Amino acid sequence: MYPPLSGENLMCVRGDRLVFNGLCFSVGAGCVLMLTGRNGSGKTSLLRLMAGIMAPAGGTLRYYGIDCHENPNGHRADIHYVAHYDAIKSALTVRENLAFWVELHGGGDVDSGLDAFGLLALAELPAQFLSAGQRRRLVLARLAAIDAGVWLLDEPSVALDTASLESLRNLIVGHCADGGAVIAATHSDLGFTDAVTLDVSHFAPKGQVAP
Amino acid sequence: MHQLANPNRFLRLGRAVLPWSASLSLVCIGAGLYLALFVSPPDYQQKETVRIMYVHVPSAWMALFVYTSMAISSALSLIWKHPLADLIAKASAPVGVGFTFICLATGSLWGKPMWGTWWVWDARLTSVLILFFLYLGYIALNNAFEDPVRGAKASAVLALVGAVNLPIIKFSVDWWNTLHQPASVTRLDTPAVHSSMLWPLLLMAFGFSLFYLTILVLRVRSEIAAAKIRNIQLAEAGG
Amino acid sequence: MIHVCSHIVLRDLRLSLRQGLDAVIVLMFFVITVTLFPLGVGPEPNLMIRMGPGVIWVGALLSTMLSLDRLFQHDYLDGSLELMLLSPVPVEAMVLAKVFAHWILTGLPLIIVSPLLAVLMNMPAQGYGVLILSMLLGTPVSSFIGAVGGALTLGARRGGVLVSLLVLPLYIPLLIFGVSAVDAAIGGLPVGTALLFLSAMLVAAIPLATWATSAALRQACE
Amino acid sequence: MYPPLSGENLMCVRGDRLVFNGLCFSVGAGCVLMLTGRNGSGKTSLLRLMAGIMAPAGGTLRYYGIDCHENPNGHRADIHYVAHYDAIKSALTVRENLAFWVELHGGGDVDSGLDAFGLLALAELPAQFLSAGQRRRLVLARLAAIDAGVWLLDEPSVALDTASLESLRNLIVGHCADGGAVIAATHSDLGFTDAVTLDVSHFAPKGQVAP
Amino acid sequence: MIHVCSHIVLRDLRLSLRQGLDAVIVLMFFVITVTLFPLGVGPEPNLMIRMGPGVIWVGALLSTMLSLDRLFQHDYLDGSLELMLLSPVPVEAMVLAKVFAHWILTGLPLIIVSPLLAVLMNMPAQGYGVLILSMLLGTPVSSFIGAVGGALTLGARRGGVLVSLLVLPLYIPLLIFGVSAVDAAIGGLPVGTALLFLSAMLVAAIPLATWATSAALRQACE
């Protein structure tokens, strides 16, 4: 029984500098993995490796035991990546924004997605009028609308008010209950006491000045 | 909502003006066309084609007049932030495009017999073409923002900048030697046109102005309604 | 597949329709650039007839080029592109869909107004049919070539100008054959070869450009 | 003795909808004011009002008792506004980025600014290579480099690691000790126990559904 | 004040030099567009001589227009503009500084290469001096007008194309007088009036455009 996502001594190089090396991890079904580490330690980079956006400079990434390098598609189709940026079109309404991604992933439930973050009231508003937190909620709504096994969240809690933070937490709990896997990079703890944490800073190359 | 306080007064005024302006403009244009086409004499050299003038010249005047009023109300909206001024300027633009187009079209129709070509790139014609583009630019800019307020402000600035073009159009015929003929009616001294031609001309001009007024009232009205609807929607959408 | 592509097309169409007079603006740029030339060069009728087809074609290519940022730039900047690549939809399909949308929004309108400009340039009557035909063949090619340029320059600063730099040289053959076709038609000569070349370019561009664009997009999101 | 910044029943309209109304506040010298409230309640909008970027639709904003509408410049010259966005040029190095703002405000100490957030090591790196948190730190470095009386911080702690968060806190404490005023909008508390908090949500127009 | 402005200018210069031969790209666009015409229209020498000045001027104006996004767009998107407006520096000074930088990066190079293109268009010798002179007067105007357009379209959808729509009509007078000056020089006629008009436009543009641009920038950052 393989874990949904695991990596063996992954190496990451950004630009021409080594960010981390020999990083191993494994996220079982129904588990949450917290990525911590100081700024610039490579959390975002690691998440991008996991999402298959960047290829690792070394080591292997496995999706249910299969090397992602061999079948990238199978692994991609089952992943949600929530990044620093929000891919929101300000000309489209909130609903249209979400609906597009649903279509692209071949189905899902828009309304329940909006509902999960209390966006139904704003559904018909052009996304340009959204505040920072409302935008973030629209991004996160993808998680609820489209189902994928592995969630990769890069500082998901940014700009969220307490209520939305609560709904995010519930969403994650529910996802894990369904046997999904969640990997979240964050500085403020999301309050998952039982979650495994991985400090990316440990894998920084030796003798590097702390940025 | 608070923005709509005095537009309401405008609405009341508009309701009073509308029937008069609408009917009167129809009457004037009708009478003017009749005089122009059947009563007024053909020109001794231009023959019947001179009748084009009765559409061409008034529409040309309107093209300039509408832009002027647009520029003025833009200035008002920028200085005193008067919401109504925005609406008026915005509502004027399409009318102006219409008249400018008519002026261009009739002009080139007239140019074929008179100058032997549809179009010459002389100062007058070119500056009017620029006016046409300015109108289009104004409309495009006004609609280019999700936030209507911003659109109004930006296009107001554009309208003011474009106002530079007005004197150029007006005096191009005097500054450069153009094919196009200089002002003969709108001269400071007495008009150099026979009254049998002058009357239909003025009637048409008057009718066109009333037509402009009518459209203005109608469009501003619908703009206000649209703003109201938008507010209600947003209020329903909530925070 | 088709279904998903149609959704991408629809989204792009809706985006640009929402965005006010989007297609119209490109059109206006076309009209204005073309009208600039008589202004610049001085409008002797016979000179205009000589210049007409060339100016119209140059104007069309320039305005296509200007509208290229609509293709990928925005999606790249706000991260949509990255997420699209992550989606199960194959990149090639996505590229085809987006190029098609771009052509509907740019090429088609250009084709529709070009006869009017031909009038302005007082082009002889026998030229019109071929002008439209040549643009029907040429504008899709220009969209495809533009897609490659747009994708290659993603992430490069000054994208806008750089694109034109990459794309314009590739437009030159289009220009030459397009113009020569129209000129031939006006001169009453056979237009077959020129149109044949244009169609050949279209056939070649579709697979080549799709492949190149997809590759470039993947790199851009590394 | 007037407070550095105070406002009397301020009204804010975004687009053409009322965001908040009748909001009053006052920040004394050496004080910290925390803006809280749910997403879309108008924290950012309020900060933009305070910064003089937007004019209030109603009410008056006072800088040391003088209506900011009367002399906008005096008040602007003494303000730091740290927004959601980071005005960072990726083509310039970290130092050049900061130096430009220092020049624009007519003087300041670049090095101490960089030092305050441990950016000296990265000073010569092109800003495009910075991670999310490093970018944020570069933005905050302005606070230390250029001195202004009133700091307006919009979710300053976003993407900061614990170390940087600590230095931010120290910076704020030091600023208050020098008699400066700080207004910060945040969802995660920055740990200023003695700070006054103002919940912007309270001033939402009546009878509005919560988003 | 001057000191601060110089810093804004320096920063813009440095930015665009860092960004890979920025000015060079605009330049190449200029060269390519101009060379497109002989290709499109067909290179009869006498035709070229007639077209020469017009094509060069059109090319110059188009490439200025393309480079407008460099003026404010980037600063607007990343928020720099807002912070600049917050800084104690008056907006007008900032606008002047940025327009000046833009001219150095765009207008100047265009002026420098235009003689070469004139050779390419085999323009008679007596035209060169006036060509350069007219562009020396004209390009700053085009930068100023462009600044207005660029500032007005900040945050607008389809900014890029919209700018051209707003700016090109205002460029038409520039084009007419610029070309007529060169034509006059080639024809051995007096060039005074045309150049006078160009200078008049420059004098008028500086205050007017500075005001309009500043107003537009303030609006954009509301």
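So that you can tell them apart, the chains are marked A, B, C, D and E in the order they are listed, and the count of residues begins at 1 in each.
What we mean here is this: a residue touches a chain if its C-beta (ideal position, glycine included) is under 8 Å from a C-beta of that chain, and two chains touch if they have at least 3 such contacts.
The shown structure was predicted, so the numbers you read here are calculated from the model rather than taken from an experiment.
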Target chain D, source chain C, minimum contact steps: 2
Any chain that touches chain E and chain A: B, C, D
Chain of greatest Cα-centre distance to chain B: A
Chain located farthest away, centre of chain E as origin (C-alpha): A
Centroid spacing, where centroids are CA-atom means, of chain A and chain B in whole angstrom: 57
Whole-Å gap separating chain D and chain E, where each centre is the average of the chain's CA atoms: 38
Distance between chain centroids, defined by C-alpha means - chain B, chain D (Å): 48
Multi-chain contact residues (two or more partners), chain E: 19, 157-158, 162, 165, 168-169, 172, 176, 222
Per-residue multi-chain contacts in chain A, two or more chains: 91, 121-122, 129
Touching two or more other chains - residues of chain B: 126, 129, 133, 136, 140, 144, 146-147, 234, 237-238
Sites on chain B touched by chain E in the complex: 78, 126, 129-130, 133-134, 136-137, 140-141, 144-146, 150, 153-155, 157-158, 160-162, 164, 168
In the complex with chain B, residue positions of chain A that touch it: 90-91, 121-122, 124-126, 128-129
Chain D residues within the chain E interface of the complex: 51-54, 73, 76-77, 79, 81, 83, 85-89, 91-92, 96, 100-101, 103-106
Residue ranges of chain A touching chain D (in the complex, touch as defined): 14-15, 37-40, 44, 84, 118-119, 121-122, 129-134, 136-137, 155, 157-165, 187-188, 209-211
Of chain B, residues touching chain A in the complex: 146-147, 233-234, 237-238
